[in-house]
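Report on the structure given below.
Chains: A, B, C and D, in written order; residue numbering restarts at 1 for each.
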Amino acid sequence: MKGALTPEQAAELIPDGASLMIGGFMAVGTPERMIDALVARGARGLTVIANDTATPGKGIGKLISAGAVARVIASHIGLNPETQGKMISGEIDCELVPQGTLVERIRAGGMGLGGVLTPAGLATEVEDGKQVVEVEGNRFLLETPLKADFALIGAWQADYVGNLSYLLTAQNFNPVMALAGRTVIAEPESIVPVGVIPPDSVKTPGVLVDHLLVHAG
Amino acid sequence: MKGALTPEQAAELIPDGASLMIGGFMAVGTPERMIDALVARGARGLTVIANDTATPGKGIGKLISAGAVARVIASHIGLNPETQGKMISGEIDCELVPQGTLVERIRAGGMGLGGVLTPAGLATEVEDGKQVVEVEGNRFLLETPLKADFALIGAWQADYVGNLSYLLTAQNFNPVMALAGRTVIAEPESIVPVGVIPPDSVKTPGVLVDHLLVHAG
Amino acid sequence: MDAKELIARRVAQEIRPGMLVNLGIGLPSMVATYVPASLGVFFQAENGVIGLGARPPEGMEDRHLTDAGGGFVSAVPGAASIDSAMSFGLIRGGHLGMTVLGGLQVDEAGHLANWKVPGKMVPGMGGAMDLVTGAARVVVAMQHAARGASKIVPRCTLPLTALRRVDLVVTDLAVIEPTGVGLILRERAPGVSLEDIRAATEAALVIPADVPEMTLD
Amino acid sequence: MDAKELIARRVAQEIRPGMLVNLGIGLPSMVATYVPASLGVFFQAENGVIGLGARPPEGMEDRHLTDAGGGFVSAVPGAASIDSAMSFGLIRGGHLGMTVLGGLQVDEAGHLANWKVPGKMVPGMGGAMDLVTGAARVVVAMQHAARGASKIVPRCTLPLTALRRVDLVVTDLAVIEPTGVGLILRERAPGVSLEDIRAATEAALVIPADVPEMTLD
């Protein structure tokens, strides 16, 4: 842990063209203040790896509307017509990945696996261009790891050494993404002294977190 | 959840020759009462999948001493000279697996993956007989899933619907094994009413658990 | 009773005590309303909760607890929150007893297409490919026809969701069971004749001697 | 100062502020004693704790909190407990700053053998293969010779632990850095001459003009 950043400082750390994993599911558990700061600094050419692009005006939807995103790797963009429109017009390059495959690819990237074999997507468009591996008579798609320059994590509590806990469905992709970002920036709702989060409640160990966002004040 | 069993009933459920995943690490987090009941009923020919075989007189070590085990899949047997002796004499067939690979194989079995690619074991004896898969210029071993007839889980608290929580390092292999046993029997240290374990503290959802062991009384 | 309510009530009858069930967004989500609490069923939302409950009381919504559509939900006692890796591990690993999804087309092989209309609508597959591949039982809940065109077709013209044959299709006209010998007509909606169904169905149906009316309690 | 203390104190100097460090059982575990708390280092035990602390006060041991050898430990404020999948995900995924392991042999290619003496001792590799493959820095802490035979050899005769070249070897006689051009002798133990080291080493060493004595504070 290198210390707390303002949203503006975090946005400065992230250069145009960077790849970002952004936690959240339909903007639930998404680090909104970091997104606002990226929009404010006029970020461009980002690759966003996330479950979805939320809806216009919420979470990742703000980055889409602002024209900050060149590429999306997601499982679902159906609830954001702007993403769909920009994909069809060619402004955004979009890779659609089955949700369970997406989370395993991110986990593989974060956990040093060379890939995983999954049956999801076999004999569908998802199979195109992929290696099919047979194990004990069954066929599987070889899905390769994903990593990103930055992981932007939305958390509930953080302590001073960066341990994170999450609440209910605001957890979603955040814990796996915290493994797979080369630089991990977490935006907690509150920051508490070391010892307040019991060891068994830590879902992301602080050793994974490079920076916390300062509290919202 | 089908209800609570006495250790004797649990041991009766498990036939000779069955494959068992048994949680714990050097007997920490191992369901000891279930093991005692298996020894008491004179179980024979078991396959045990576990991190280690503990030491004689503790955890899985008791099954080894009792002659209940025909096969072991583990990462480490070095602290149990009886296991080593029985392996060398041919009484126990022993497959040694790197610890990180063992846990991923169990997870893959429990989570419906056809396998994972890992760099651990490349160019060592572990590579023998395995498929090597190249991804983006790097070589990996293809490690295949493990499942078992039963998973015997040591937990801290259970509630009436089978949700489980664990304490500190007594967690270890238990949560992944609870995914990979065709029948899952959990031995909690206490059983509490539904609602006592908060949703965010549940590490094994009750839907995975077939039976709880009755409390120790 | 309107068409959607009819479908939801009929699907609800498929749910067995203690099952873990995933309901898709839209029509499938209505099924929960017709499942008695006494069944001890746990509903899963793939964004990370097992034990989804009804809409929370006015003013008590929590933005950390939503369903996969992003709508506020509550949780039942005994609920567990899980991350996306665990959520899809349960789905892919066969721990989900049933999934209920909407459909665009089902064909004579029992294949489902429900995620893309090339050139028109490309929302992404979300969790559908994992759900259809991994759930123990797959039930499609949809209108029999859309804009006058049958959605039960000889062969899907839209991109497939999975290779797996779905287990049951419930529409406003009929209950159809895809099998190795084709689509078997199992039940008629109240007041709907065999002729009505034949006329509304583009695919060939296997029609047993006795096709009873749905019994809706 | 005895040989083990010397090795442990020298290895401790390799540890940088804020690192996540795994110490093997036995000699490597002694390293923790010589790392000042002010460095903010977190020690990991692969059985599932980040933030391993010293032996607990007499009578306050908890059987749910042990190290990988099964011995009672405490936890520092800010500790996190993790399951085996996360533990090895951190190790394999490159999140571990350093691992310190014992060795049976290190050879001129920097390969380590430390898990098996065929026909004599087959303890299993435990976590060693993952640790050597995945840690950012691998330090071997061992006696220079065993029963008069050099453990620094031209080519390992015992089964390898991994393909990866270890980063540093610290013995009771010397500090040696395996590189692409061979084993570079970096430091001498206090009072030990180049001749002593050459005589005790079966492998070829690259000896720079200046080989200083270890500085032990």
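We take it that contacts are C-beta pairs under 8 Å (C-beta built on N, C-alpha and C of every residue); 3 or more make two chains touch, one makes a residue touch a chain.
From a predicted model like this one, the values you see are computed outputs, not experimental measurements.
Centre-to-centre separation of chain B and chain C, using mean CA positions: 35 Å. Our note on geometry: chain A versus chain B, Cα centroid distance of 32 Å, whole angstroms.
A separation of 29 Å divides the Cα centre of chain A from that of chain C. The set of chain B residues that touch two or more partner chains comprises 104, 107, 112-113, 118-119, 166-168, 171, 199-200. Shown for chain C are the residues that touch two or more other chains, namely 49, 75, 81-82, 88-89, 91-92, 133-134.
Arrangement of the chains shown, judged by which pairs touch: an irregular graph that fits none of the line, ring, star or complete shapes. Of all possible chain pairs, the ones that touch are A-B, A-C, A-D, B-C, B-D.
By the touch criterion stated above, chain D contacts chain A in their complex at residues 18, 20, 40, 42, 49-51, 75, 77-82, 88-95, 133-134.
Residues of chain B that touch chain A in their complex: 104, 108, 112-119, 131, 133, 135-136, 138, 140, 142, 144-145, 165-168, 171, 199-201. Every residue of chain A that touches chain C in the complex is listed here, in rising order: 25-29, 51-52, 54-55, 74-79, 84, 87-88, 94, 96, 98-101, 103-104, 107, 118-126, 156, 166-176, 203.
Remark: chain D residues 45-49, 62-66, 68-70, 75, 81-85, 87-89, 91-92, 116, 121-130, 133-134, 159-163 touch chain B in the complex. Residues of chain B touching chain C in their complex: 1, 107, 110-113, 159-161, 163, 179, 194-195, 199-200, 202, 205-208.
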